[in-house]
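In the two complexes that follow, chain A is the common piece, with chain B as its partner first and chain C second.
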Partner chain A sequence: MIVDRNNLPEDIRDLPESCFEIVGSEDISDEPFKTEAIGFFKDAIYRLRKNKLSVIAFWLITAVIISAIIVPHLTGYSPTAQNLAYRNLPPKIPGLEKLGIADGTRILTNRPKASLSEFPEGSIIQIVREYKASNVDMVDVKVDYYKFVGVPEGEYHWMGTDYLGRDLCTRLFLGARISLLIAFFAVVANIIIGVVYGACAGYYGGRVDMILTHFAEILDGLPYLVVTILFMLLFGSGMFSIVLALTVTGWIGTARLVRAQFYRFKGREYVLAARTLGVRDRALIFRHILPNAIGPVITRAMISIPGAIFSESFLAYIGLGIKPPNPSIGVLLSDGQRVLLQYPYQTVFPAVLISVLMVSFNLFANGLRDALDPTQRGEI
Partner chain B sequence: MSDSTYLLEVKNLCRHFTSGRGKNKLVVKAVDNVSFGVKPAETFGLVGESGCGKTTLGRTIIRLYDPTSGQVFFNGREISGKMTGELRRYLTENIAMIFQDPIESLNPRMTVEEIIGEGLKVRGVKDKAEIRRRVVEMLKKVGLNEEHATRYPHEFSGGQRQRIGIARALIVQPKMIIADEPVSALDVSIQAQVINLLNDLKEEFGLTILFIAHNLSVVKYFSDRIGVMYYGRLVEVARGEDLYAKPLHPYTRALLSAIPEPNPLTARNKKRLDYDPERDHDYSREKPEMVEIEPEHFVYCSPSEAARYREICRSAVKAGD
Partner chain C sequence: MLKYTLRRWGAMMLTMFIIMSLSFWIIRLMPQSIFENPEVAPEIQRLLEAEMHLDKPMWVQYYYFLRGIITERDFGRSVKLRPGMEVFKVIVSRIKPSMVLNFFSLILAIPAGIILGTIAALQRNKWPDNLISFLVVIFISVPSFVFGAVLQYLFTFKFPIFPTLYNASASSFREMFRSLTLPIIALALGPAATIARYLRGELIETLNSEFLLLARTKGLTRTQAVVRHAFRNSLVPIANTMIPMITGIMGGSLVIERIFAVPGMGGQLVESIVVGDHFLTVALLIWYSAISLITIFIVDISYGLIDPRIRIGGEK
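Right after this comes the complex of A and B.
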């Protein structure tokens, strides 16, 4: 019986059954789509590329990374070879020197006028000021410092040298390489531990969750510096101890985030559907829930890279950095600030580099967050 | 311990949710002492208002929730006991589920082929070409085509997604399907399309379906027998025609009186009944239970009510003569 006649208007109530047919019972067959299939990550990259700032930030990061890889080999100086005669040389860059910036000059102050004749030939550029002190003629004199200390013609230190006469440019990019490596390892370790830990807590819930969460909270309560110093004592100062120090509590935030994400996604109908098909826990966690929950985790990883670089710099700054003579951005900053007033360029270059990294990573991470946010899908 | 005429038999099934502890403890009896059976190749419709426990019942049967008490038998085997890997395999091989929300029930990060083929993969089909072949075959059965296999769910319309959900459930060739409000999120023209598709597939595969819905017209069209749920309890079970012709339980009557009529002339004169368990039943002296009033027509009632219902049935038969 298809038709309930009681419900029909009277004039058609007595029509025979054959006059009725079921609407929608014809064979359904849909047209193929004409557009291209777009997966989630493809879509995310498409939207990321629409965000100009993120693209710039991405290329800046790439440039720094490439420089960190090749620049130390291009300068022709060893990052660790000391030359006390050439110490604290100011920056000198070919091309720019003619414009008056980075030309390797320096103003020497409070020199007795008589001593000028002892200066190497051609090193004096200009006498800036003349005055008398205790009846002695004194001068401030601008010299070509490279000639002054006897650096051969044609030798350039683009960012000058430090207090031991090591080329700063080589050391800075080698330092950037080491800092980036430390940050990369620390973040990868944090993400792996955090994702697995958070996934277990969030997926299984209940008692498992309670125990795991409380354990993480106890670990989170450990004073970070004390732990770091203990690691330094145990393993010696170096990359390994720093990565370990950054990992020991760093993963907890990721774990919390992943746990919350799992609570959000594990009750979704597609997860239930997969469970009714008999999909195993591991596949549920890594194939069904994690790909949907990964957006904020990626963003967090990106944001925590500059964080890790900064932490490393902080540790180096207070003297817990990697073993000398190896540089890192933090070590260079720490060395530079001691002579900040006399030789500011020794602080400025590392500071500029770390700022560029921080800003770029943050901008890139913001763009990534927007691109991975499913609610913004289809916009822009 | 189970009746062999039934493929799926539910006996005194309870599923309670608790929250809080001690004084604040709150127990919600989502499914309370429900018993019924579904025969092979039959469609059993389960209706009731929102929040009455229909979905919970379906999910408890397929063990997305663990039952608080009671038993469920499938093909004579108890499936409500302790969960083992073997039982999980038995369940997933025999019962599949279609979900309510076509947007929510497909993983947005997987292609249609991955979604539909997952059931095969779980069952150990490793050959990619074989999976592909069967997925495409299944897609064609539900009216989609080969090209759709590489697409992601967000590119489809609601009706198409629901058909993908149906394909996913059917590709593992289950004996039974629990369809949890498969059409309630769709618009009416697409509802008909999906329901008719389900009907065709049911005949083709000889499926047994537990059809959960709150749309009475849909249930009436689709189901052989219908169970009415109210607040976690099954209050009336009958063959489709019987339920609509002679509803006995006051809640069933109220529910049927709420169906909108497409004809304004009759709709104007229609009387809407309401149901208040406090007013309509007096269970202070007699305990209610499931009573078979007529063959295959069960009502949850006390003995005195049962006598009254029998009287109604008898007079209905006389009036029919």
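Right after this comes the complex of A and C.
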């Protein structure tokens, strides 16, 4: 039917269908889109890719994650097996050793010259300095430390060994794995709690909101440092306790953010329409309103990961880290700190790794924040 | 404003009370946490426990704990680190090095941050800005203990300019200060970068405002306009990032003090946790909480002073 006959004047209402004719084009339609439609996330990824620093940061993070998964299995050493004969070995890397870097040598100072003959065969490379101290001939001597302590030929510790003779490379990447896992679980727990809490407060409003917000406010007043330390003391050291301690007040920021988003969107017409159609509260919260908050929540999650890694290292530094003998980046750093001046390499590798991780996560999170910012949509 | 202030004060007191209660119950709920010294005879131990009210029920102990703190500043006695010494006195003896360290690192950080932030904003998207922004990311991301370690290795071992550790027996202030230089620098990097980042953002926003255009039309050069007009306007939001830094002088950095063996509050807290001197730990945690709560209080009030809209609010 082309026309609604009821709207026509009386006298022509009964005219047959054939008397009517379409004026103009038969098919009234818009031109189809010639280009592909770009959704919010597609646009975000597109803009993220334009940010070179973020892309580099992303690949660095990926590389660290993959190494954390693979490397501990590749080295062939156990991360916890102690070998007191091979304590504090310097780094030795096949290939690089010929260039004079990481060749497993070390300068031993203040050795009596007479004792040189007792050194293992071929371990002495060069006598750096000769001098007399209280009438005894003394030397500083550069030795191949691997031969010196009798490590079999062909055994390499890429990052050396620690004060208990454990392979540092294995421990470092296992530690990275544990640190990343702690950060991951802590952030996931914070996000889940924060989203549910903030959604309830924001959606139901009124008295519920008042009680929930005041409770969060009181918790938020507790200083982060103090709460974390207290709960670590309560739970005892260990991976699970760190995650718990980081969760006690960590979720509040997310909750606040989600609550604000709910206040913005719950009054919109589409929500009203959905409610009129009989959609339940739960579906309204999670399917209709929550997706609006997903951008800021993702950004927040990414920003809090370096914070969690830092907190873990920090706790390890003050002696509240994970249980030995398991490593984490923080544990390795704090172990290395004790022998920093004698064996700097034990600090260098974990310090470099944690710095790379922290900088990368921060850069990536910054890029993500800009990319997910709806006000910047369409800009390059 | 008075009502708002009083309400914030009340909230602060409530939080303080919660922290004291949390500390008390958490520490006491740990099994045999107070005395574990096999060298002390059981009778003496019982006497000591009686003196510290440890033989009474938990609720009574809780009452004594709160009463002691509120009426007499009595946090108990140190058990392991400084046996027999009043915890309050231990803390007082530790404040000075922390405050000297934090004060000077702040004196270094604030001007550095302001200068760097201003340069970055003026040279926006040119190489000085890019360089400063890069440094800011590094200094904000890399943990201070990594910087501490790097500085310690470079300037005490490779190039021995400064002493490795804090010189507690220094005869002159100058000598003590020399041993504090590295921790001061390590502590200043983060705050300086934070200030620079905020100031750059604020300045760039202000640079596009109309009153700055007016200043330029009056004939002021770009630098003049920025320093005299834009800069002042940006200082208000920056002040709020600085308040926590200023009140933070009273606490000590836990890690940096440990690395450089500075006998301050932070180092003491770490030691007390490691050896399990619980009265001391609780008192120090309460001290740190007080600093943090006072900071939040000041920030809230200053927001209210600067922006009247917040004062009335609180309700949604």
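The rule is short, and it goes like this: the second predicted complex is superposed on the first by the 322 of 380 C-alpha atoms of A that agree within 3 Å, B and C clash if a C-alpha of one lies under 4 Å from a C-alpha of the other, contacts with A are read in each partner's own complex, and residues count from 1 in each chain.
Please note the rule applied: contacts are C-beta pairs under 8 Å (C-beta built on N, C-alpha and C of every residue); 3 or more make two chains touch, one makes a residue touch a chain.
Keep in mind that this is a model prediction, so the values were computed, not measured.
In the superposed pair of complexes, A:L234 makes contact with chain C only, with no contact to chain B. Residue contacts after overlaying the shared chain place A:G154 against neither chain B nor chain C. By the touch criterion stated above, A:G95 is placed in contact with neither chain B nor chain C. In the superposed model, A:I38 makes contact with chain B only, not with chain C. By the document's definition of touching, of the two partners only chain C reaches A:I218; chain B does not. Within the superposed three-chain model, A:P16 lies out of touch with both chain B and chain C [touch as defined at top].
Residue overlap on chain A between the chain B contacts of one complex and the chain C contacts of the other is empty. Taken in their complex, chain B has these residues touching chain A: 59, 62, 64, 88-89, 91-93, 95-97, 99-101, 104-111, 118-119, 122-123, 142-145, 147-148, 150-152, 154-155, 160, 163, 165, 168, 172, 189, 192-193, 196-197, 221, 241, 261-263, 265-266.
The touching residues of chain C, when paired with chain A in their complex, are 11-12, 14-15, 18-19, 22-23, 26-27, 29-30, 137-138, 140-143, 145-146, 149-150, 152-153, 156-157, 164, 254-255, 258-259, 269-270, 273-274, 281, 285, 288-289, 291-293, 296, 316. Residues of chain A that touch chain C in their complex: 209, 217-218, 221-223, 225-227, 229-231, 233-234, 263, 306, 310, 313-314, 317-320, 333, 336-337, 340-341, 344, 347, 351, 354-355, 358-359, 361-363. Chain A contributes residues 1-2, 6-10, 22-25, 27-30, 32-33, 35, 37-40, 268-270, 272-280, 283, 287-288, 291-292, 374, 377 to its touches with chain B in the complex.
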